[in-house]
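The two complexes that follow have chain A in common; it is paired with chain B in the first and with chain C in the second.
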Partner chain A sequence: MAAVLQLSQVTKAYGALRALDGIDISLPDNAYISLLGPSGSGKTILLRVIAGFEAPDSGSILFKGERVEAVPPHRRNIGFVFQNFALFPHLSVARNIAFGLENRELNPITDSAVVRAKVKDIVALVGLTGLEDRGVAQISGGQRQRVALARTLITEPSLVLLDEPLGALDANLRTRMRAELRAIRERCGVTFLHVTGSETEALAMGDTVLVLDRGRIAQADDADTVYNRPRSAAVARFLNCYNLFEGQLSKDDFVSPVGKFPLQGQQADARGQPAYAIRYDRISIRPLVASVTAEEVRIEGTFIADEYSGAAINSFFSLDDGRVIEVESHLSQAAPQACVPHGRYALVWKRQNALVYA
Partner chain B sequence: MAMTAATAEAASADRSAKKMPDRTFWLLAPGVIWMVLFLVVPILMMVYVSFWTQTTFAITPTLTIKSWVTFFSSDTYLSALWTTIRIWLIVLAATLIVGYPAALFVGLFVRNKTLQTVLLVLCVIPFWTSFLIRVLAWRPMLGKEGAINLILQGVGLINKPIEVLLFSELSVIIGMTQIYCVFMVGPIAFMMGRIDQSVIEAAQDLGAGFWRIFRTIILPLSMPGVVVGAIFVSVMVLGEFATSAALSGRKVNLLGNIIVTQVGSLKWAFAAVAGVILTILMGIVVAALLRVVDLRKEL
Partner chain C sequence: MQASGTKLALGIYTALFLVFLYGPMVVLAILSFQTGPEGGPQFPIIEWSIYWYKHLFGMTPPTRIAPLPIEEALVRSLVLAVMTMIVSTVLGVTSAQAFRKKFTGSGFAFYLIVLGMMVPGVLVGLGMALIANALGIDRHWWGTTFVLHVVYTYPFAFLVMLAILNRFDQSVEEASWSLGVSPVKTFRKVTFPLIFPGVLSAMLFAFTLSYDEFSRTLFASGRDLTLPLAIYGTFSVEVHPNVFAFGVLTTLFSFALLGTYAVLMMLSIRRARRVAIQEEA
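After this line comes the complex of A and B, so read on.
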């Protein structure tokens, strides 16, 4: 697959803060890429640099094989869908969508019949038929999202950047728009770079998931790999499904403040801070007296509270040093053990399920 | 128990509904009374007085249209009306030409909110001096031996002082534009400040260059500011008399100057006619400007 966009060693600093610290990415043609990063990781700045609203301090940006750092945004033909949609408040839905075709500097379309036909097609594609003459203040959030998308897609960009496109929608609509965004992208055959702070969204949407950590790409893999084998403790933390212990690796054990965790042939990835990670749903809760097999790790914790989320229960335990451990029990597997408040329980997991970073 | 609560609630809802018109009345009364006493009644009075009989030294409440006939058959009064309209249009255009780019800069290109406020305050600083001083300060500036002529002569651009600078229609226009420009800048800069930066970036991203964006996005979104500014400037310029008196050497007579002289010589009926005409003119101008943009929708 040809790369539509290639960034190498892109850096951008604001005073002492290195917002982008040597970004290297290569986005394939015709793919859905999601970019996961916590707030402050530089994800919006990265998008703005790609679109041309900010100039990088150093590094190169190749778009369709050509360097574009010096090209102003209106000549790049990279689509940008803003988080707040940024619709033109004084124009109707149809006028908003037609804006790019009629007003672009390169090769504007002056034949209003052609514009009307294209608007009609794209309106049908994003499912806005019948709303063309409404003002943009008279439509719902999800519809506004579609207008923003249609307005960008109609100019046929090779790359569309979406800045937290679902952030402004309510939860119900967000799930529906996820599937729809993917479907629309497939029909257009362009590359979407979807920036989000939500790990579920990033994993659900992306063919490839990029994880941004403090101005650097911490991981670029498919969703399954990112979820099951995060490449650093930082990535594991963003995924919001790992309990992390700091500590030191010593021969066959990982020494953490809450005790030694024996290892079983794990390859310790040598990136960033040493850490030991165990996924919420890999831990089982047992009575203190229950026995433990040889390949299992056991610690003790005091039950604090639990949270019911339909398919699973998330229980919280405090360890002796005050840290809180989260355990996710899927209700489809077994009836969960009812925990007594302030009761002490054994938390057990298989050695091989832990990830170790050193 | 639940029953009592429900009844109590219904009763209180009933009470508040009954109280509603009461509250509306008391909230509106001061404003309405004030406006009726000091705006509506005087305007009606003015219209009424314009039909009184005016003799050289006295005015009697005998109804006649003589003052109106005199006004519309007198070259002096009619030319004052045309001068008023002409100067108003020129000053309106001048404040717009000077004010719009300034407002565009302050409201849109200055991203720093503090700097924005500082710049807007700078626009208002001239208002810390009195109106008369601001007007009269133009004399040493524009006069035959004034700053502008001295500098131009000193640089060698001209040999003779430009006389048209002071005591002419031009000096009145220069003075008024300077004084009223800020009333144009303020509302436009306010509307510019409300334009979401990302809307402009979106237009840019869709391929539009600056002038396209200006014409299709910035100009329409700032129109309410232009209309409000134009209303401010129009109402003030149409009622002007001091600037023209101080800077034109009595050569430029506006309707305002006519009113001042007529009142000065106790010709109340003529003054009232000029006043009614001026009020109607302002009413037409404001109504026409409000036609341009639906302010209720925009603000």
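After this line comes the complex of A and C, so read on.
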């Protein structure tokens, strides 16, 4: 697959803050890429640099094989879908969608019959038929999202940047729009770069998931790899499903403030802070008296509270040094241990399930 | 009890405030209906008539009271106000647009612009007269005065536009660029329609401020008088109710102007409100 966009060593600083600190990315043609980053990781700035709204301090941006750092946004042909949609409030749905075609500098379409036909096609594609003459304030959030998308797609960009496109929608709609976004993208055959702060959204949407951490790409893999083998403690933290312990690696153990965790053949990834990570759903809760096998790790904690979410229960335990450990028990597997408030329990996991960073 | 007492006091205060605010205008309006030509600008009303209105338009038999020398002055003032309005609004919109990005010296430039509305008018007028004399430039309402009117009204237009652009969501412009539309066309097709209510306000400010500007005009206008100067000139001899009649007519004219402004604003706000209601629903 040809790369539609290639960034190498792109940096951008605001005063002392290095918002982008040497970004290297290569985005394939016709793919759905999600970019996961916590707030402040520089993800919106990265999109704005790619779109041309901001200039990078250094580094190169190749779009379809040509350098575009000095090209103004309206000559880049890169679509941008804003979190707040940024629809033109003084124009109707149809006028919003036709706006780019009619007014663009390069090859504007002046034949209104052609414009109408194109608008009709794209309106059908995104599912807005019947709403063409409404004002953009007379439609719902999900519909506005579709207008924003249609307005961009009609100009046939090779790359569409989406800045938290589902952030302004309510939870129900968000799940529906996820599937819809993927379907629309497949029909158009363009590359979507979807920026989000939600790990579930990033994992669900992206063929490839990029993880941004303090201005650097911390990982670029498929969703399964990112979820199961985060490349650094920081990535594991963003995924919101790992308990992390800081500490030091010493021979066959990982020495953490709450005790030694024996290892079993783990390759320690040498990047960032040393850390030991165990996924919420890899931990089981047992009574203090229950025995453990040789390949298991055991610590003790005091039960604080739990949170029922239908398919699973998330239980919170505080360890002796005050840190809180989260355990996810899937209800489909076995009836979980019923915990008594302030009761002491053993938290047990298999050695091989832990990830170690040194 | 305490609360209702305060309420009453505040009510009376407000009523008095309104009386003082509009009293002069009402008195002026009443006296303009004094009978003429023997009735003067004082109570009591001898007889209600529209004599002075007729007098204004030269529809009365000639008397010793000369008709107001306002015809040409009125035209001058209107033309001057329109010229000032156009130039100040264009300057205000473009410079406020420039101030959206910080540039070197933007703070200094800001105060320099705003200074135009701060400095006392008499001083500026006098200064302009002195400079014109020194440089051998003739003073005219369309020259020296026009420049001073722009200097005076441009800061108002600028500040109005600055406030409007401050609240303007830049992402709609960026959206337009990313669709391939050039910045110039984006301004014409997106930015300008959205800031148009502000532009109307800036125009109204510039027009009304220029139309009745006195102190700057006094020194800078030369031989041909503008309307405020012409009216002032008649005061210095003798005051007749024809001035009041004229005052009533100009006030009505201003109301008509405001009415037009209100209608235009309502049209653009109604569209925005339809939007807002849907937003809540």
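Definition applied: the second predicted complex is superposed on the first by the 358 of 358 C-alpha atoms of A that agree within 3 Å, B and C clash if a C-alpha of one lies under 4 Å from a C-alpha of the other, contacts with A are read in each partner's own complex, and residues count from 1 in each chain.
In this text, a contact is a pair of C-beta atoms (placed from the backbone, for glycine too) under 8 Å apart; a residue touches a chain by one contact, two chains touch by 3 or more.
It should be emphasised that the depicted structure is a prediction, and the values quoted were computed from it without experimental measurement.
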item: Room on chain A for both chain B and chain C (clash or fit); value: clash
item: Which of chain B and chain C A:R151 touches, first, second, both or neither; value: both
item: Chain B versus chain C as contact partner of A:Q138, first or second or both or neither; value: second
item: Partner contacting more residues of chain A (chain B vs chain C); value: C
item: Touched partner set for A:P56, first chain B, second chain C, both or neither; value: neither
item: Shared chain A surface residues [contacts with chain B and with chain C]; value: 51, 53, 72-75, 77-80, 82, 84, 86-90, 99-100, 103-106, 151-152, 155
item: Residues of chain A touching chain C in the complex; value: 51-53, 72-80, 82, 84, 86-90, 99-100, 103-106, 135-139, 148, 151-152, 155
item: Partner chain A, residues of chain C touching it in the complex; value: 169, 171-172, 174-183, 185-186, 189-190, 193-194, 271-272, 274-276, 278-279
item: Residue numbers on chain A that touch chain B, as the complex places them; value: 51, 53, 72-75, 77-80, 82, 84, 86-90, 99-100, 103-106, 108, 151-152, 155
item: Residues on chain B engaged by chain A in the complex (per definition of touch); value: 196, 198-199, 201-209, 212-213, 216-217, 220-221
